[in-house]
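One chain, subunit A, links the two complexes that follow: it is found with subunit B in the first and with subunit C in the second.
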Partner chain A sequence: MTNLQLLALLPFMVLATAAVVVILLIAFKQSHTVIQVTGFFMMCAVVLAMWFVRDTLPREVPPLLVVDGLAALFTGLIIFSVLVVGLLSYIYFEEREENPKEYYILLFLATLGAAVLTISRHFISFFIGLELLSVSLYALIAYLRNRNNAIEAGVKYLMLAALTSAFLLFGMALIYMETGSMEFTAIGNAITKSGTSVLFLMGIGLIVVAIGFKLALVPFHLWAADVYQGAPAPVTAFIATVSKIGVFAVFVRFAQAIHLHENALAVTVLTVIAIACMIAGNVLALMQQNIKRLLAYSSIAHFGYLLVAFLSGDAGVGAGVFYLLAYSITLLSAFGIITLLSTRRKDADELSGYRGLFWRNPLMAAIFTVALLSLAGIPLTAGFPAKFFILTVGVQQHMWLLAVVLVLTSVIGLYYYLRIISTLFASPPLSPAKEKSLHPLFYAATYTSLVVLMFLLAWLGIFPGFIIDNVQEFLVIR
Partner chain B sequence: MLIEKYIYLAIALFCIGIVGVLARRNAIIIFMCIELMLNAVNLLLVAFSKMHHAAAVAKGATAGIEGQLFVFFIMVVAAAEVSVGLAIIVMMYRNTHSVDVNFLNRLKH
Partner chain C sequence: MILVLMIGILLVGGLTCWLVAQRYPLMGRLIALIAVIIAFLLPVGWYAQYASELTVTGNNWLIDYQVNWIPAFGISFHLAMDGLSFIMILLTFLLGMLSVLCSWNEVREKTGFYFFNLLWTLAGIAGVFVAMDLFLFYFFWEVMLVPMYFLIAIWGDFNRRYAAYKFFIFTQTGGLLMLLAILALYFIHAQQNGGQFTFDYFALLNTTFDNNVTARWIMLGFLIAFVIKLPMVPLHNWLPDAHSEAPTAGSLILAGLLLKTGAYGIIRFVLTLFPEASASIAWWAMLLGVVGIVYGALLAFAQTDLKRLIAYTSVSHMGFVLLGVFAFREIALQGVVMQLLTHGVSTGALFVLAGMLKERLHTRDINQMGGLWTAMPHMGALAMVFVMASLGLPFLGNFIAEFLILMGAFEVSPVLTIIASAGLVLSALYSLRIMQKVFQGQLQTVSEPPKDLSAREWIIMASLTATIIFLGLYPQPVLDTVQGFVAQLARSNL
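== the complex of A and B ==
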């Protein structure tokens, strides 16, 4: 391994160090605040390291890893999301749990797993990254062990994730048998030479099952609503953003390497999955009274939209990245509001609890409203240009059926997002506001970051050109 | 030895695992069945690795040990998964005094 290769991996090493640093801080009995602040600065150090190594890209680290523009984009998205999730975690765990410190080890390890997924180009690094992510997630979901629902969500996720990783491995073994290699590009070369066999297609199918589970695509979405509801609010935000971004990144890289878009059967199956996601996600969300479950179904629908960009092949990658950026900012601000409103005993997930929020706390209601409008894809918020770009590439690739379903289901989606917004502005019930006992500085920090997210949403909605140009510039680095 | 026989054995083990996961309600037995599925994959990988290695040696090249390497990674990861998983199952037992997954129905639909 040369110096330049080591240098290209610097951000990932800093990320791995972050988890070790937190372990050491706990060993020296530091307080939650110290750990939180150190974790924040470590994540900033990862961003700095990424800025520092930008000129050495793209760099292959054979046989396992490749650091290129695509990896840099997705890793940046992941680190950005973790910064916000970390901030939300402080006020959430400080008042709930006597031992909130080990949470940060798990959080950084899961982040490392997602980041490794973005740079992997080999089945071994794919598997290791995925398991690093999911084993940490089992513990994160069940972290508040005194609440029954957290354990239930944890066991459900554990059983299904372990089952799907067995499917993933079986698929990898079948592909290995057919091609004699585990490297994505070598697999691509082998199948262009010899064509695809039945066992190879079975292998691809099993891998798609595993990826579909992680992304909560229909029909592998059954865990999503329960886990979103049972997990602590910041962890739900983590599952909805970081874990899905990492898995989507490796899916994009794998599909590009093995030319998945030229295989008619795979394209048909993915098209059916995309349509099922858009319809099922939006229809199931219609009657939901629980905000966390509603966001789970809405994220199923959003990944249906994202699959439209995915199916467009190389042209759709830029639109997909922009969509993921808009989606992460939106979901993080929505979960930020849920975190702020949660009490010691339970998360604020009942829709009735949001009745008249505007009259109690106008700022929170404003942030939540902008986030919901962005999820619905209303102009002047980030959700609109994101959906517009996806629709554009879809139409350019003549995927009329997907484009029509996308537009129609977006209209259905509008209904339940607007229903929440109308609840926010309804007349409030006569309940006294709950007093919180934490240091106001952390509330100020959380509010500030949420307001920044809200302005980011508006900025992306009005001037998307700047970001999309930068994304395209990064995607050329390969 | 024909490679098909290994494939049939691995698929049989894998299917026994799937049936176990779907049919049994005891969390620990479900976990054992998942381990069975992982070990079916290990068997398959070692067999394929041997096959590719033999083919490469016949051509005078060296290749085909990736599969055997992967098996070690799978074993390590499976051990990590079991330790976290059993910890969660113990917490479940403390809360519900049972390891029956049918008790897990409090999250509403």
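== the complex of A and C ==
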């Protein structure tokens, strides 16, 4: 390994160090605040490291890893999301748990797993990254072990994730048997030379099942609502953003390497999955009274939209990245509001608890409203250009069926987003006074970051050009 | 630049209202009024200065302002104004000022947020009338939707949430179909012009379609969005609910302005971008227009809820618009523009009257009204003017509009025109029923007789009355202003 290769991996090494530093800190000083602040600075260090190494990209680190523009983009998204999740975790756990320190170790390990996924170009690194992510998530989901839902959610995730790991390994083995290689590019070369066999297709199918599970695509979505509901709010935000971004990144890279878009069967299957996601996600969310479950179903629908970009091939990658960015900011601000409203005993997930929020706390309600409008894809918010770009690439590739389904299901989606919004603006019940026990500084910090997120949504909604240009620039680095 | 300023003032004014009203609840309405007046004076002052120059040069476009917005996708921030846009802008701000005035006392809680929504709706509508980039047009199309949703959902009547949903989902469905159609047009244009991607209206005008099927589908995408807003009969379902549940200013804006965006869209985009495709469905559109005229009038006659009644009259009047537009005759198109103006004024006035009655009697049921003329002679007389306008009495604006439309349509389809004229008889029926039920007959037992108009209400009604009479007696300035656009349109579609 040359110096330059080592240098390119610097951000990921800093990320790994973050977990170690937290472990050491627990040994010396058991203060939540110290750990939180240190974690924050470590994440900032990762961002700095990334900026520092940007000129050395793209850099292959054979056989396992490659750090290129795509990886940098997705890792950036992941780190950005973790920064916000970390901030939310503080006020959430400080209210509940005596000892939330191990939480941060798990959080950073899971982040590392997702980051490794973005740079993997080999089945081994793919699998290691995915396991690092999943194993940390088992514990994270069930972290508040006194709650019934948490244990249920954790076990559910554990069972299904273990099962899909088996599927994934089996799929990898089949592909290895057919092509004799585990490197993505080598597999791609092998099949262009000799064509695809039935076993190879089965292998691809099994890998798609595993990825579909992680992204909660229909019909592998059954865990999503329960896990979203049972997990602590910041962890739910983490699952909805970081873990999905990581898996999506590796899926994009894998598909590009093996030319998945040229395989008619795979395209058909993915098209069916995308349509099923859009329809099922939106329809199941219609009658939900629980906001976390509702967001789970809505995220299923959103990954259906994202698949439309994915199916457009290389042209769709830029649109997909932009969509993920808009989607992460939106979801993080929504979960931020849920976190802020949660009490010691219970997460604020009942829709009825949000009644009249606008008249009690206009700022929170405004942030939540903007986030919901962005999810619904209304102009002036980031969701609109995001959906627009996806439609653009969809229409460009003449995927009319997908485009029409996307449009019609977004209208269904509108209904339940509006339902929440009109609840926020309904006349308030007699409001229970909320106890605030923490140092106001942390509330101020959280509020500030949420307001920043809201402005980011508006900025992306009105001037998406700047980000689009930058994304395209990064995507060229390969 | 003046157009940017005009929209910017409304947006900034809306935000200021919201912020200031947190501290001083009564300041919000004042700021809102000032903002709308400035936005009104900007284009008017500009027009007064340059109008004469333009007729000499023969150029239709008065202002053209363009800057890059998202160059990667060929999206620009392109605003332009011609005679048609100017007329629509004028109507927007006239009704805008009145809508601020008529919510002066009606809205008592959350005033800041109310005026914020009101001004942003107006900004969206103004934007729709001047946007010359299809992406920007869609953007404004949606921007006017969300605040309107809030206006209905928060300050509406008893059944407001249902009405607000219905309004939003109907219009959004149409909007998204339009977005798909815009994208299809965008790529077809780019294919023909060697990958020059642009959403610019003037560039897209040069698109030609190699087969009629594609053109018709894309045209339908646009048309569905517009006829939902208009509304055309099978798609009019959202309108009675939204109009009757909205607060007075909301009904005024809905009837006076939002419906007009649909008509404007058909004239500006459907007819010019797809001349052949729209000619091929013209007969069907005219038929549906006539069905709307008759059906709307019959339903209006059957209503007991005053605001619902007025809402159905809109369906009937907008049928004339559809009939006139798809006749493709210069005279009919001029009638359509007149109809947009006069319907905005007269129906708006009727909604304001209904709002005033509701403020006094706390009901919209016309069976519980009656004999109000003795208590409120002034209001009765003014109501008489607008009821007469609505049934198409000569000297009032609506007569000119409907007359021109029927005259233009007669050349194309005498049968449909005759049925449409019969619809005018029905309009006399429902209009007179309003007068009889509300102002004449036995005085219902009311604990204390309601007060007649206040000074503020006088200002509102007087300006509307003056406008409708002026349009009825001397419509020439309006016809002259839109002449250039309409003549060109009629030429290219014949």
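To be clear about the criterion, the second predicted complex is superposed on the first by the 477 of 478 C-alpha atoms of A that agree within 3 Å, B and C clash if a C-alpha of one lies under 4 Å from a C-alpha of the other, contacts with A are read in each partner's own complex, and residues count from 1 in each chain.
As a convention for this text, contacts are C-beta pairs under 8 Å (C-beta built on N, C-alpha and C of every residue); 3 or more make two chains touch, one makes a residue touch a chain.
If you're wondering where the values come from, they're calculated on a predicted model, not measured in any experiment.
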| item | value |
| --- | --- |
| Superposed partners subunit B and subunit C on subunit A - clash or fit | fit |
| Subunit B versus subunit C as contact partner of A:Leu351, first or second or both or neither | neither |
| First (subunit B), second (subunit C), both or neither touched by A:Arg145 | first |
| Subunit B, subunit C and vertex subunit A (Cα centres) - angle in steps of 10° | 140 |
| Partner chain(s) touched by A:Ile128 [first = subunit B, second = subunit C, both, neither] | first |
| Which of subunit B and subunit C A:Val411 touches, first, second, both or neither | second |
| First, second, both or neither for A:Leu7, with subunit B first and subunit C second | neither |
| Subunit B versus subunit C as contact partner of A:Val47, first or second or both or neither | neither |
| Distance of closest approach, subunit C and subunit B, by C-alpha atoms in Å | 25 |
| Residue ranges of subunit C in contact with subunit A within the complex | 69-73, 75, 110, 135, 138-139, 142-143, 145-146, 149-150, 153-154, 161, 164-165, 168-169, 172-173, 176-177, 179-180, 183-184, 186-187 |
| Subunit A residues within the subunit C interface of the complex | 359, 373, 378-380, 384-385, 388-389, 391-392, 395-396, 403-404, 407-408, 410-411, 414-415, 418-419, 422, 425-426, 463-465, 468-469, 472 |
| Subunit A contact footprint on subunit B (complex, rising order) | 3, 7, 10, 14, 17, 21, 27, 30-31, 34, 37-38, 40-41, 44-45, 48, 51-52, 55, 63-64, 66-67, 69-70, 73-74, 77, 80-81, 84-85, 87-89, 91-92, 95-96, 101, 104, 106-109 |
| Footprint of subunit B on subunit A - complex, ascending | 123-124, 127-128, 131, 135, 138-139, 142, 145, 148-149, 151-156, 158-159, 162-163, 165-166, 169-170, 172-174, 176-177, 180-182, 225-226, 229-230, 290 |
